[in-house]
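Heads up, the next two complexes both have subunit A, just with different partners, subunit B and then subunit C.
And then the complex of A and B:
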């Protein structure tokens, strides 16, 4: 009896081994060509250029209304906070990250967990804007993600066991890590893992770092603030900027901010890494007259050395917390190599991605107050009276003149990534219409303490909506259509060859709309707010769509008046995967 | 079942079916057959009084129960493992001497969730597992209580700090004792702390020659404190211990190994 039972168990085991996913290495070619391969998603942004466009069209305008869930998986535990992660898919396995520095591998056919790794976080972590993570990176046999205690962890794709762990910096100093790491090729060092740092509200100095994918050993480091010297192969390399203090007064450059908290994109056409940099510190701009380079900027880096090839500053001498971190999306138009970025400051910029030269910029949110326009030289034309006042000018020296500025510090667009369709030649930007009351206060720097020097509260610009998904023509800046949403949009966008634009809302819906008109064609309530970007890929001949649902992020923490629009949204943590039933797909 | 067991012992059934059918468990554990099958597969298993487990008569702290596992009475031990039948995580640790450079012996501290058999199993070079054990009476909760570190404002400040000492013995062996600060979270506490534990110590001579490897799991008590009997070269001025936890943190300790008695020495690093 006993031996029979044992034999039966053994045969079940053998069966599941046969059906188990086959793990193959994720090569640098897989990564560079990700936008062209539809049977996997191995990069953040569905390709290094981060267009978030998939040519797949078996799900299209005609049949998307029939989309149904294939499976859902709970992220479990009591750690349901904001889920901002973009999933990755390779060889039938999905890799996702979640709140509180957790990562999973899931069988895409069944939705069953293959393994889970929970990083042991210290109690004293200092994340500014919820305990989020925006996704992992695949390279070789490993999957890499960053943690809230500012570590980079490389795990075996097959087992979930840690291969190596590297400390990016000391979490006690305000550092953390929430972006998806970027994998780029290099001739001299092989595949590199490129990361930034979070901690912009704690007086850190932003930097970009590249590590060898196999070992995690540091290859180069590039500080974002003028005057700081980078490293290459363990030795000092070049200084950021031409000279110390060219655009900073006194010693403030030493704690100058410029956090690279949203990671970057990579363009194989120009072989450049595009990184965005955050606000200068402290918030009070009167303490630091000058442009404060390279805060609130986009910088293009050479993967071999980490040297800055070009920089473009969206908000010189920022006084409103208009981080310049938003993603740079490469695209081509009229034979030109361009890049676009929708800034926190409310302007949509088009740049020449070969040299960073300004092409055009147009407002993508309404009623912008802080600048009249972006001038022909690419610099904002400021409204001087909309800059929060210097506290030194006030009677008691404790509070500068308050102003109401649009957009708010959470930005015309925040971390939620936009998409570009080469079919419609439109960008789809998840925008928010809101402003803020803001004033400056005196502040001094203390390690690990918030270094703001400002008071602020957010107010919606309109009564009926904050969020607005906008289809923007990059040639003219014209908004071709827009879909308003009551709560702020905080998830990302996906567009497809099937003529669809997918995006999620804090109210919990994942929507599919017509890429030409914005007309809603499908909607599904995921049960909690969606603040993460959807993906699509083809599995065994079927087009799949996945999004992670789970309300959270910066809005409920910093939202002021806006918090009312999201007060009844509950937290969650669920991976939803959709497909067409076979008979609908066949139509 | 008893009849089959007896038949197996008499050699009346094919040898390959004997694997899960060890002799009657002297500790009468309800899970022994399953545990043995999971742990030993189809290898031969015998209960053997020469494998000794020592535990205190009274457990004062179920999160720190001193345990010794000793199979020095056997020759040619290739591996020694410690199992707890009724703990939620049964496999506690494994010590693998490097080519007889360590004896089949380990002392350490254990977390227990309830009263349970505590066993040691020694694999000899003929492929047979020799199992000995005792029943440990105790109140429960040692695996599901948060680590003491949880109440510490900043346990990361002392993470990986180590203390160690080596006592050279007249017979050429040396006693190594090492303590490394680490929460050793089981992942089972209701405060939601994930599993976080040192999973390996590689014990080496000063020249890097391996002496023993200790693999550990969640039931090893917080701030693991282990005692080994190793056989370093006479020329080894120190014993180097490379540790690694399941989060990938690396802990390196260097313990001086002089011929005369040394003062307690503190090393640290992670």
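And then the complex of A and C:
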């Protein structure tokens, strides 16, 4: 009925009648069960737990070599730049976001555009790290995405018309939004849209917010820094942390940082939202002795209230810009409910996801310098001489001691999401081997005034590669296999029941490798760098694989030796969808 | 740095390479003097929310940069047009966005910025812009409540009195690390200058440390003024710097013409008048 009704008004769309998708509401059950349903992808991460695993196996180790493009669609215009978005698919329609806060609906059978919405961006906004967007969220009849001017926009799935727009924060204060919004169920409020904040000038406090999916009205807000009080239904709720100022000096907790810019994951088993938090402010760690909670941490939130159920800090008193924002992926092993995260700081952590208790942590990149190990208490054992020096202690009083720290502040892993296969019980982590010369530096200016900055120069750890896709056994931390890549890996990973791991490279390749050995079984040159996560789903009995290609993101903004590995990459902006030819699939 | 710039985030300050691997800009390019004169408009880019130098109030642009921009434009025989933009993480970013390359999201560059530190290292690493025409001395100073802080005080006074400071500035760093953290519990941080000025006027802090021009301007806008002291600041990374202008490297002749105008305003007392109108004491750069 719905599709018939819609067809009557579809004449404005360049769409043939026979290809008309049958739009149905995306229910909260669809969202919670996304990992189990193979005919759609309605969440970032192919399920709230974000394992990025699909049980589909019609494309497998034996036949993946025959994968060919089904269609491709250009993101067009002059607006190329980095494409970091994970597509979503529901009822024959694909929803993708692109650079410059754009979003499209595409007919998955033909690759034809159904609608496009270009968010009108104010002049002169200054996103820190390219004009990316990491994807949308589907809920009910709407598709929701965040914009570079820090708005949350809800659009009608059928028409691309705006249902509501809400401001996350004032873009004039340096805020933006680039993550995929997270949809979680709640008993009291119905489906909620959960977002963090990106950017903001020095001295903001990170927070997580939940809004009603239908109206965009704020339900709760949870500041990430100890001492700040959250809100619930417009009233003050609980305080973050046990007491004000337990781990900050003076009044710095008031302006402590901890931005939640990469979004979160949701585990329906424990009914918890997992969010990561960014670095503390100010940058110079010598000014803020103490742990500085909950900066550089993972926090678990109750969807009903926004209360923090547990927190785990990966880098207490951060001095290297090791944002703790990387995704928390829930998995089960030996009957235990666990979660893993591959931190910027180069350690791969396994936690008890019911209470945040530390289980183990092992290095997933080589030659880490800032800490010897993660101790039994879950705290890093620092190498004291690898903390950038306080300028005060230096001879000329101008530049603190320079140290060479591994990983670099871009991290052992950055925004590119990892995957977990319940078949192999391995995590597939898109890692980067690089370090940085870093020092606390006074000779910088902001807004025309002197201020305290930091100097960074990123250097590859090895001569022949920066990127390395690593298969990690979470029980032991052992790296079972790794595939090196010359340029840094910046796209995400997908793994399947067909025994495959898919990932893209800045050099432009989408690859499929054997999940047990890493052996390359297929690759396709997409024509521009891949910095986005692939997806797979089943369409009318055929397994499809999609990735968006378009070089950009933070890496090309950095010079030095890293630039050499990416200097000749061309920009682009293309959605590629693959499948097996019918003959090969039948083999 | 959402790198993070997180930065993203609150991104840590970063050094962006000049060798950006990006597509060539298709934005309006900066213009030499002849083009500016022919178009009858000088496009001045100034910071949004940077009182007393540039800010918008009820839709009207105001401030020292605005008055100076108008006076310079008049000297060149053209009209001034102002574009107020957000600051980047560092002035290096602002030069790229406002003077020689333009923002990623469109809008193009202006002809000149009038509030740029004339620092050699800054100039060296931003060769696409020409920084020059030094015309104003910035200093770090303390506005004090004389009832509580004596004129001859040292920083030891803030072991017993509160002092306000803007987050992550050189003053903040100095106060937080003074005698291994001896003042930490009396340092009151603010993010916006106006919040710090209000706390000072309300007596919540006995002193306000920061860039003297900003403090003077903010207090003036709140209908007040204060006494300033500059106690010995051993170990502070920077107590003063000089403000000048920046134009595109290809518009050097425009930079010279603006320099001639600014020099004239200094000699005629026009600069002193413009600064005084906004409550700021005009201090010429050393040696001029």
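As a convention for this text, the second predicted complex is superposed on the first by the 552 of 587 C-alpha atoms of A that agree within 3 Å, B and C clash if a C-alpha of one lies under 4 Å from a C-alpha of the other, contacts with A are read in each partner's own complex, and residues count from 1 in each chain.
Quick note on the criterion: a contact is a pair of C-beta atoms (placed from the backbone, for glycine too) under 8 Å apart; a residue touches a chain by one contact, two chains touch by 3 or more.
Predicted model, so just to flag it, every value in this text is computed and none were measured.
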Residues of subunit A touched, compared between subunit B and subunit C (which is higher): C
Which superposed partner A:478 touches (first subunit B, second subunit C, both, neither): neither
First (subunit B), second (subunit C), both or neither touched by A:118: first
First (subunit B), second (subunit C), both or neither touched by A:519: neither
First (subunit B), second (subunit C), both or neither touched by A:566: second
Subunit B versus subunit C as contact partner of A:165, first or second or both or neither: first
First (subunit B), second (subunit C), both or neither touched by A:204: second
Doubly contacted subunit A residues - partners subunit C and subunit B: 78, 123-124, 172
Contact set on subunit A toward subunit C in their complex: 78, 80-81, 100, 121, 123-131, 148, 171-172, 174, 176, 178, 198-204, 206, 249-252, 254-255, 257, 259, 261-262, 278-279, 281-284, 286-289, 321, 323, 325, 390-392, 397-398, 409-410, 415, 442-457, 554, 556-560, 563, 566-567, 569, 571
Subunit B-facing residues of subunit A, complex: 2-3, 6, 77-79, 102, 118-120, 122-124, 149, 151, 153-154, 161-165, 172
Complex contact set, residues of subunit C against subunit A: 1-23, 26, 47-50, 53, 83, 85-94, 97, 103-107, 115-117, 119, 121-122, 138, 167-170, 172-173, 176-177, 181, 184-191, 211, 214, 235, 237-238, 241, 243
Touch list for subunit B against partner subunit A, complex: 1, 4, 17, 20-21, 37, 150, 153-156, 183, 185, 187, 192-196, 246-249
